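Note that the chains take the letters A, B and C in the order they are written out, and that residue 1 is the start of every chain.
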Amino acid sequence: MITSSARHTLRLVAVLALLGAAAFPIYWMFVTSLTTSSQLFANRPQLLPSFSELHVYKDIFAAKPVGRWLLNSAIVAVGTTAASIALAVFPAYALSRFRFRGKGAIGFGLFTTQMLPEAMLVVPLYALFAKAALLNSLGGLVLANTAFTVPVVVWILKGAIDAVPLEIEEAARVDGCTRMGIVMGVVLPLIAPTLAAASVIAFFHGWNEYVFAQTFITEDRLHTASVGLAGFVGELSTPIHSVMAVGFLYTLPAVVFYLMVQKHVVAGMTAGGVKG
Amino acid sequence: MASIQFKSLTKTFGQFAVVKDISLDVRDGEFLVLLGPSGCGKSTLLRMLAGLESVSGGEIHIDSRRVDHLPPTDRDIAFVFQSYALYPHMTVRRNITFPLIMRRHRWWFHLPIIGGIAKRRIERSPEVAELVERTARTLALTDRLNQYPRTLSGGQRQRVALGRAMVRQPQVFLMDEPLSNLDAKLRSSMRAEISKLHQRVGGTFVYVTHDQVEAMTMGSRIALLKDGIVQQLGTPREIYESPANTYVARFIGTPPMNLLQAQLRDGSVQIGDFSQALPAHLRAALPAGFQGPVILGVRPNRLSVAADPSCALAGTVSLVEHVGAESSIAVSLTAARTAHEEEGSAANEVMMVLPGYSPLRAGQQVGLGLDFSDAVLFSAQTGHNLIPAAAGTTH
Amino acid sequence: MSSNSLELETPPAADVSTRARKAARLEGHPLLPYLLVLPATLYLVVFQIVPLLQELGLSFTATSLLASNQSEWIGLANYRDLIGDPDFRKAIVITLIYTVVCVVAAISLGLGSALLLDAPFRGRGFARAAVTIPWAAPPVAVALTAIWIFNAQYGVFGHVLRFFGLEAGSLNWLDSMDYALPAVLMITIWQIFPFASVVILAALQGVPHEQREAATIDGADRLNVFKAVVWPTIQPSVMLLALFSTIWSLRRFDLIWLLTQGGPVGATNTLVIDVYRRAFVNQQLGQGAAVGMVGVAIALVVTVVYFKYTARAAKAGER
């Protein structure tokens, strides 16, 4: 029979394998960025990064406007986050606390909008943005992205507000707070972890987004990192290690940021409603 | 039916010892109650016996077989949880049948369709079905067999938990505060049911509770625990009449025994400025020539309002509670001190229980008379009962 | 006094309707909820519903990308053409395979990962965080790295396969008709399984451990404890997870487009890719819209089926 210590060892091995598989491609991105061209095309792959090649990172900023790309991505991500939260808080509160005609329809509508693919709506949205002169603007991207994050954020926040006992609001009312005051001053602070989780989700959507960024923006200086990076596909002039360097620069902030907040994201999301 | 031995059992979580070197024998077929406040180690002890907690030190024997290294399945025990732990997505019938199926389980039962057929065949087999029906009948669950736990009341769920335990016909029944989640009225009827169950089934029951009324009414013997140590092991009568120490004295009884600081001198007890002679049987039981400070234990129903206030224990009534057939009166002592552990306003109070509706009011001055017929004397230093009782007490 | 009073049971949480009724009593304008919901609703109508309706309209026309303001109404012709179009039929099949395999594999892997990470061991917190890395990585970066990893001559994937003597290691999987879909599947599953793992891990925390102990005492081995106690408890979460994973798989664009653009020869042409391809590559907006509508319809059907199933399960008293 398997003893418990043998089982424990097996478990540790399995976990290590799991983590290895999870981390490998990212690690490989990093290694490739720090591998010389000659090594890259050798017969055996190089498994460890050569830190002597760190200059690749410096060089790539000169070759391509990587800094600008990352900045644009950051602007879009932050904008999407702010807009999503601002738009979602009140409907989340309303859906949680009130009973009104059409509530079911709105709830269902929010849910179904999650089904709509960006790739399909890009055509009419392009036409709309063209007419509204929102093409070639980061603000336009924020507007488009927000439409896709709001439903999720509303749903998560609603779940969290459901968990706030009504008695607290009634107590604030008795103390003379206006409804608006209650929402901003009492409820929001209590759902802070969920707000953080929702912000992270919105942020990542904005940071990772590709289709709209690719379709709506043609001006080079407004390209986001996703588009800039995608431009390397099929392009032969930039060496692989430089491409990987850009990829790593684009990935690293996302992964690090996520690792820092992931505990709260999980707590926030499961407090929300993925529990069914 | 089996006897159980705990031999020098210890359980530590990190630095903290929850069960400290407990040695205890449970007799074949008895109903042993592990009694104590939260954190005293009683549940841990029970779970170690079940195999749900590992043993840090010592041994456990069931029916002369050493079991502390065996998993719960191999110990032939049944466990009833405080929260019943019924399987919510199975009917009552399936809940009760589950242990029987598990006992007959083969590795290939895990296979998708074949396993399902095999399990259903066992469920419908005459011995299993009959056993389940019989168990359900015993617990008055026959018309609930096809319902789900969430449609049942607390008492019914408790009975399903009992059924699931009984159906395995184990040697030992373990129960971890099974009545705590029920309301008061239901608790007393379930108490009777469990006692009757014990008489009918005849197994060895180990029952954990913090409710001393449950312990006193159900147990053939009680082990009172505090901080991981057995304070006293004895029949309910022994524990009531001869508490081993002041902790036991204050734990048992509603209200519990009053403890007064006193001086023993020449066959008399002096409490504050009141003195009374000790009865002969107590004087005889004490070691010869014993003098000095003691703790005197007098039950609430042995206090009365003295006819002559001048030779009585002086005090002021602080609270009167009428409970119908009797009255509970708290009296704050003027010139004497209690040996109770309470603080604040209840610190120097004794409880007196008088029959009927007492006319006493709060604030009234009274003189208390003391009946020493079943009084107990404890050492002022150690708190132990100065008169060792019959075998069975520890510490 | 030593009445041995029991701790009070926590009162059950008020159900939703009671809460809502109480909230309504909290005064306030009767139109308040509508006001609160209005901005977001309007926003979504403008940026999602209206475009959706426009797409619907487009699907009944023949419109060229270049001359998008000249639409010719052709009624259901686009849809009729699709039924007869072998590429479209293939796209449906590919989408089906892609979605089913992604969801089943991601949930299975996620379940295994969650079970692995549920038991205590040193470094568990770190492991739980680290396993979410794939999900945190931007799809564009993942696609580019994958392209390099699957490079026929120099990619590490090929190296490994050749090391084991497999001939398939000499191919660029992403360029191969037979292996492109498996490659895309592998990459997708790598990216999405952490989400399943996180959700299932959270659900596992809700499994009542006394039930587990009861099952153990009743004689259940580990697999039976899982089947009798763990799985029924986490099943609703897993079902919901399956629903979301399905809908997201039906939507997924970035990864697949960058990896293969739906090729080679439609081997990875899911419905969403097909929409984009028809609109922007073939420049047929009407056709693209029609395919898009079919995709949305499929997602709707899946959702309706899911809700019917869970409603029926709840009524049958299973949960």
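The definition used in the following text is that a contact is a pair of C-beta atoms (placed from the backbone, for glycine too) under 8 Å apart; a residue touches a chain by one contact, two chains touch by 3 or more.
Predicted model only: the values in this text are computed from it and were never measured.
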Q) When you draw the chains as points and link the ones that touch, which shape shows up: line, ring, star, complete, or other? A) line
Q.
What's the farthest chain from chain C if centres are computed as the mean of the Cα atoms?
A. B
Q. Taking each chain's centre as the mean position of its Cα atoms, how many Å separate chain B from chain C?
A. 54
Q) How far is the middle of chain A from the middle of chain C, if each middle is the mean of its Cα atoms, in Å? A) 16
Q | Complex contact set, residues of chain B against chain C | A | 50-52, 71-73, 77-79, 81-83, 85-90, 98-99, 102-103, 105, 110, 148, 164, 168, 180-181, 210-213, 250-256, 351
Q | chain C to chain B touching residues, read off their complex | A | 1-4, 6, 9, 208, 210-211, 213-221, 223-224, 228-229, 232, 317-319
Q | Interfacial residue positions of chain C with respect to chain A in the complex | A | 14, 16-17, 19-24, 26-28, 32-34, 36-37, 39-41, 43-44, 47-52, 54-55, 58, 68, 113, 116-117, 119, 121, 127, 129-149, 153-154, 156, 159, 190, 194, 198-199, 201-203, 206, 236-237, 239-241, 244, 247, 250-251, 253-254, 257-258, 272-273, 275-276, 279, 285, 288-289, 292, 295-296, 299-300, 303
Q | chain C-facing residues of chain A, complex | A | 8, 11-12, 14-15, 18-19, 21-23, 25-26, 28-29, 32, 40-41, 44-45, 87-88, 90-91, 93-95, 97-100, 102-103, 106, 109-125, 127-128, 143-144, 146-148, 150-151, 154, 162, 166, 169-170, 173, 179, 204, 207-208, 210-211, 225-226, 229-230, 232-233, 240, 243-244, 247-248, 250-251, 254-255, 257-259, 262-263, 266, 269-270, 274-276
